[in-house]
């Protein structure tokens, strides 16, 4: 746990392991510093170098990570910081964290490449913000201390705010402010919930209290306290507080309105990072905090959460259908997609959780790529309205090919990455029902081997599954309009390379007059890794699934335990009922 | 310390046989409120300042009477300090008033509303 | 209705038992998947290297031919039991270990493995075979697009074969689903091949979306299967289902949980989507916007039979449900009739073929529904050949006449130079489709209709199918009599069907973003072989070249010879197709068939439609036909009859006669005395029928109906949601966001800048706070 | 009593410096006049050193007769005051006499002691700081009153002379008159407190409360005292003056106003509340219910009023003023929470003391930016300090140091982790949750979110906006020291956050609350007030 207690003379490898995660955060920060003090001309290359260095380090980390032991937190390291507040910079990564870190590292260089020509103004500030964002995102995934987590979680807001507000479209100021205030408000309440858990812990755990008052914000400790020593109503409040921040970030249905606005206004790379990683902070938060901290409450309210997800899926999907702005469409599709992701979490079984975590990665890849493509289009035409453009396949065949590919990945075509996760989420939801033995589904006593305990079930899966149809509908309609059909270019868009003046609200885009009609090698380089990843994860998800087995099993075991042992403060009659319920469903467990 | 109120009630509503603590406190409170009302209603800066002096001295009366009531001198010495401070304040107030009068040729407090919102 | 009770009884007597599969299948089966993928890669490379020759086509033909050869090898090797070739792990979840549970069902496995039984091989044979032929055909047909478009076409073509192979060969339902959606994608890409044509894009989209509706059913079916059986691998499902099969045997349907009975219904929904059955058929006719080879391969011969494959593959499960097979049967029959009525009123020959495809698929489903999986499979095979032939012939016409497909504008093709083989192909195809005696189409159709009468309770289906057979004959020969024979007349196609126009632009350099060139047909691409064939009477049709002719000829022969697949016994297996079906999960012998055979064996070639059933191979020990005592004891008592006669015997003549009548009517109405291309005697009859022909021509307004009932309300809902999102949801958020500002505005007047105001505020504040505190806490 | 003089060395040092500065500022020689600021700095440094070394802590104070409930507060508070005063000093440079000095330098005039304000200005500043130090030392209501007055009276003048403009005088008059009103209120409260207990010694009052209970009159006295002190901390309902005064005063003086009276007010409040203690009330773990309710309402209102008014402003200075109100509200949460079990996370008093330091540092940075850049007046007059948000546009590009200082300080004020503001707010959170004041924590959270709106503007204007027209482009103020002050505070925002643990430990000691000083003075075991248990 504490690396300080390790051998006094660690060799280079163990030293590297110890500082691996710290370096993952520090390298982008260091490069941010370098970029800040290097001339504008070299900013791009330096930033690319920085993201590549971070990527290289991530590769090393991935290689040194013991995947067979994915549930254990590795590369653990504690830097004592503020013991008075119980805060330390404590880091550690399990396989979920590692994969999300890898996603972040992958998207880094891609985003830098994507902003190569699009960003012409205040280049340094742009890349500094970007690198800081990168560091903060990695920090979120590797934090093992709530405050450290929260610091990184919040600190993603500032660079993102800067990115949107400075290099966005016409309404960028409003969008950036909305984004910031919305997510900030939510996360302040989340902080209150987390601090509340820490307080419970300080009061409960005998070793930690006793006048010394040393609080701790260690996630591992608090998780035990929260899940075992809080009553159902306490858990419910904490869950509500946690969701206040995380649901906004995801975003779940009623609190999603910031997302389309921000996405449409953000610069391309900002959208990519926003969709690719930042939204995952919410789902990751739910996975890392909401479920393990409040298992009973989460179980109890899973139907509510699932209902919100399903509303999001259908509602978001239908709204996509009537969008004219391609980017807005993709943004709303994120609402629908992440509905699936959280739905998988709400299923609380292996299939659902596996699917959900995979979904985090897959959505990052495919939707990130879609935003890239939309950005490349926008760079050329300065419009994203489906009314003004169409049939671009004729002019940009390579672009069109990628577009169709990633749309298919996004639609959930089997063989591409989206399907595996979407299917597992739906399957998990489908399975997760206690009601199989009754009602229309079958006669009592029938063995339902594939079902798991839970409060969702086939109806949820069916309704959510219809979202798949809706997804096909809106994405293909978009492809039909933008990629296929007769060529349509905005008025005044002269020739293959030209671009009109009156569309640009900023004159920042002066350089892309040099852009050829179709994608350049640089742009293809940005897209290709994503495409390869989409394909590989669609066909060979097995390594990912086995990597995720540990953490997922652990979470499910936690849930199982919670199912059997009611939270403290539950009246004894309920305990008896719970025992009965346990007996009914898992006779082996109960006898154990 | 309900004694204070007990005393007050004991002597009230009898026809003021002698001045009790309650009477002094009443005077003090009245002075304080009068000062406050004066401050709120008068527009001349000097008069407003005098009203605040009134409020200070209301506190002084209360202190003196309490001092008498408690039979110690602390309250009275407090009052001496209050008077001193009041004097210092008066000096400052006058200096300020002069400064302001130079600028606007008026002592009307309502003249000074440039800063607001 | 009696069909329910009788079917329940039937299934009770006739559910098959699976054989335990052999787990080490031939590894070369994986090559069947790998070769098309290789094709995709090669075509992509061609595209990247900007190959401007027919190279991709020949690479494709090579890959697919190799795949076909391997499939033939698999066929020759195939034994009685299914074999499983393991590929690699795809999705493999397990759990429960940590919780101390060791239930074998705490896992979810869907690997990339192949399940090879006879049904698989049967399907793969015609899939790869036809694909090879059609690729060859397309090498010429698509030659106008040589370049990127050509590469794109063949890449998608290969991808299709790959997906179809996954669908057919996968060893679990998810793998099937992979192929299922994969073929959907390829269908989408290929229908939308002429991506500049809005109608093509629209059609592609429609196909994909409607398929997705069916796919949802399939997906739910998969989930339900998994939840109930704890696995989605075929072998496990069949093993798990065994108790229910036993229960069904004994007619104890009440012992089969509702879940299990629901599974086949959900699967059927998927099948209806993919195989264009009511109510999801509407995409298929529109799919004809794609290049004709695509229509032939995907939308006639192979992909659309995936639904049939699914039902056949999961036949043991379908037998467990009291409603699933009747549902399949009725839907199939009604689709057959419905599509035929529409086909009768169309003028576009490709569309006629499309509706006939829908109709024939209906036949197949009806066949499955009336318990003849063999018949259905046989019809799939024969249909694959003759429908591909018909489409390719249409394609040749379209290719030669600048996209002209209107049967009122083409006539007397037979007499034109170079069109002989096309005419022959048309004739062979039409005869097969019309069920002309002794053609393969005749035999397969007859089997289905006959079985409908044999199976008790399904006679209405039989009548419907019989009526449809007549209609089919009519509309088929309506095309033949108007286009192939009669006076010579032709008009070049307009842009509505002009594949050529798009050919010119597939590899476009954008010289024609201008609308006028659409009408002019003036495309000056030197290497284009259709030189400027647009204007007035100067149009010269160009006859098909060697590739097309070879393929047409081959298919003509094959489709005629296909009947042999059924009748010509191959060793002890009986006919090839029945033997193969019998060795698969679709194996099922109607107990009534036994009794039907001997009497029906009148004519020479008609040696024994159910020969296979009669001589069930001894190495199929678990076949219930042999085992079930119930069936043995009362083999004949429930068998239905056709007006008192043995259906198979009589229908041989009856359906032949119906076919003749149909052809005759077509002859009278569309050939006899016809002097122009545009009009025929039939036109005089139309007014007598009132609005019906018009309605039929407008496809009974089904598209419009769907639009009105589904799309418009959904769109309205979408707009409403969008509005709600903007006004209500975001409005609420903004309202909350505005509260501080509003509060601020409210109290801002207190900051008036006046000294007295501030003092008053302070005094009031003190007073109010004192009041609150004393009131609340000190009483 | 005379023994206590030994503990007043910082005050004495400052007083001595004051005398020197008063004389130096009137010197005819320019270097001598300029030296007055340096002397000031030396004095403050000396005071800081003396605070660290001589101020006794813990039991020694009690033995010497100082107040004994919060034995650790005075040393910490004094260090903190001297430190922030040191930061303030460079910011105040050049506030007065600028035109006059310019005239002399250009030879247009000669030095006239009668027209020079420099001496008064610096000495008033030192007086005020001295008063503040005395507040920290107070053990008697009389002392407290005098110290408070000593703190405030010089600031009235400083406001009025801080600028030549009418606004400064207006601010001065408002501040003075309303201040007098506020002083009268807490004075009356003190009187009632004396009346109720018969003593003005805080320890004695505390003992009286412990032995005889808290009478209604005492409650009334406490309430009036607290309300009067609300003026010092700019809390509702005594907050009205804040915005006008801060805006009218020059930025440096405004920065001082945001720190000095606020600190005085909070220290006084803590001292007065320490007499009643945080161990009564319904839960036996909070302030007496009337006081808790009063402070609760005041805290909630103060945060909300401050923030919602700040949202509407177009003047950055006014916004900072309203934000200063809001921050007082946050700190009141810590006051309500009380000492808890004494650990840093639960001790609201430590949280308040820590926050005072944090707020002092980061707020100073924001004002320093306003002070260090000037824009030419449109009428060609004297250049003016930045005021409106628009003036801040593109500051990061035109004046990188000032711009980035503003960015950092506003983020810290917003409470953005990992800057100092966040670590100031976090203990407030934890202590309030520890005290069971969860609704108040939610109010605090929501208010932080509202505050984000204007801090974001404050950050975005310099960082993200285009610089405004060249004609009115802001120019650097000649006083480099102001930029230096900003830089100091911007650095502090980061450095203090990184090394916050030391400060946290110190403030934990500073916030130690001894509920029964008489036992402590007897050398017996210190009985810590009953800690709130985790229910």
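Structure notes:
A, B, C and D label the chains in the order they appear, each numbered from 1.
Please note the rule applied: a contact is a pair of C-beta atoms (placed from the backbone, for glycine too) under 8 Å apart; a residue touches a chain by one contact, two chains touch by 3 or more.
Not measured: the values here are computed from a predicted model.
Common neighbours of subunit A and subunit B, by the contact definition above: C, D. Relative to the centroid of every protein C-alpha atom shown, the closest chain centre, again from C-alpha atoms, is found for A. Relative to subunit B, the chain whose mean Cα position lies farthest away is C.
Comparing the chain pairs B-D and A-D, the larger number of C-beta pairs in contact belongs to B-D.
Subunit D has its Cα centroid 27 Å from the Cα centroid of subunit B.
Between subunit A and subunit D the centroid-to-centroid distance comes to 43 Å (mean Cα coordinates, whole Å). Rounded to whole angstrom units, the spacing between the C-alpha centres of subunit B and subunit C is 97. Mean C-alpha positions place subunit C and subunit D at a centre distance of 79 Å.
Each of the following residues of subunit C touches two or more other chains: 748, 751, 753, 755, 759.
Contact of a single residue of subunit B with at least two other chains is seen at positions 36, 39, 48, 109, 112-117. Each of residues 181 in subunit A touches at least two other chains.
By the document's touch criterion, interfaces exist between A-C, A-D, B-C, B-D, C-D. Across the complex, subunit D meets subunit A through its residues 340-346, 411, 416-418, 422-423, 426-427, 429-430, 433-434, 438, 441-442, 445-446, 448-449, 452-453, 456, 460, 463-464, 500-501, 504-505, 508, 528, 531, 533-535.
Contact residues of subunit C toward subunit D in the complex are 740-741, 743-745, 747-748, 750-751, 753, 755, 757-759, 761-762, 764-766, 768-770, 772-774, 776-778. Listed in rising order, the residues of subunit B touching subunit D in the complex are 1-2, 4-5, 25, 28, 32, 35-36, 39, 45, 48-49, 52, 55-56, 58-60, 62-63, 65-67, 69-70, 72, 74-75, 77-78, 81-82, 85, 88-89, 92-93, 95-96, 99-100, 103, 109, 112-117. Subunit C makes touch with subunit B in their complex at residues 748, 751-756, 759-760, 763.
Across the complex, subunit A meets subunit D through its residues 81-86, 125, 147, 150-151, 154-155, 157-158, 161-162, 165-166, 173, 176-177, 180-181, 184-185, 188-189, 191-192, 195-196, 198-200, 202-204, 209, 211-215.
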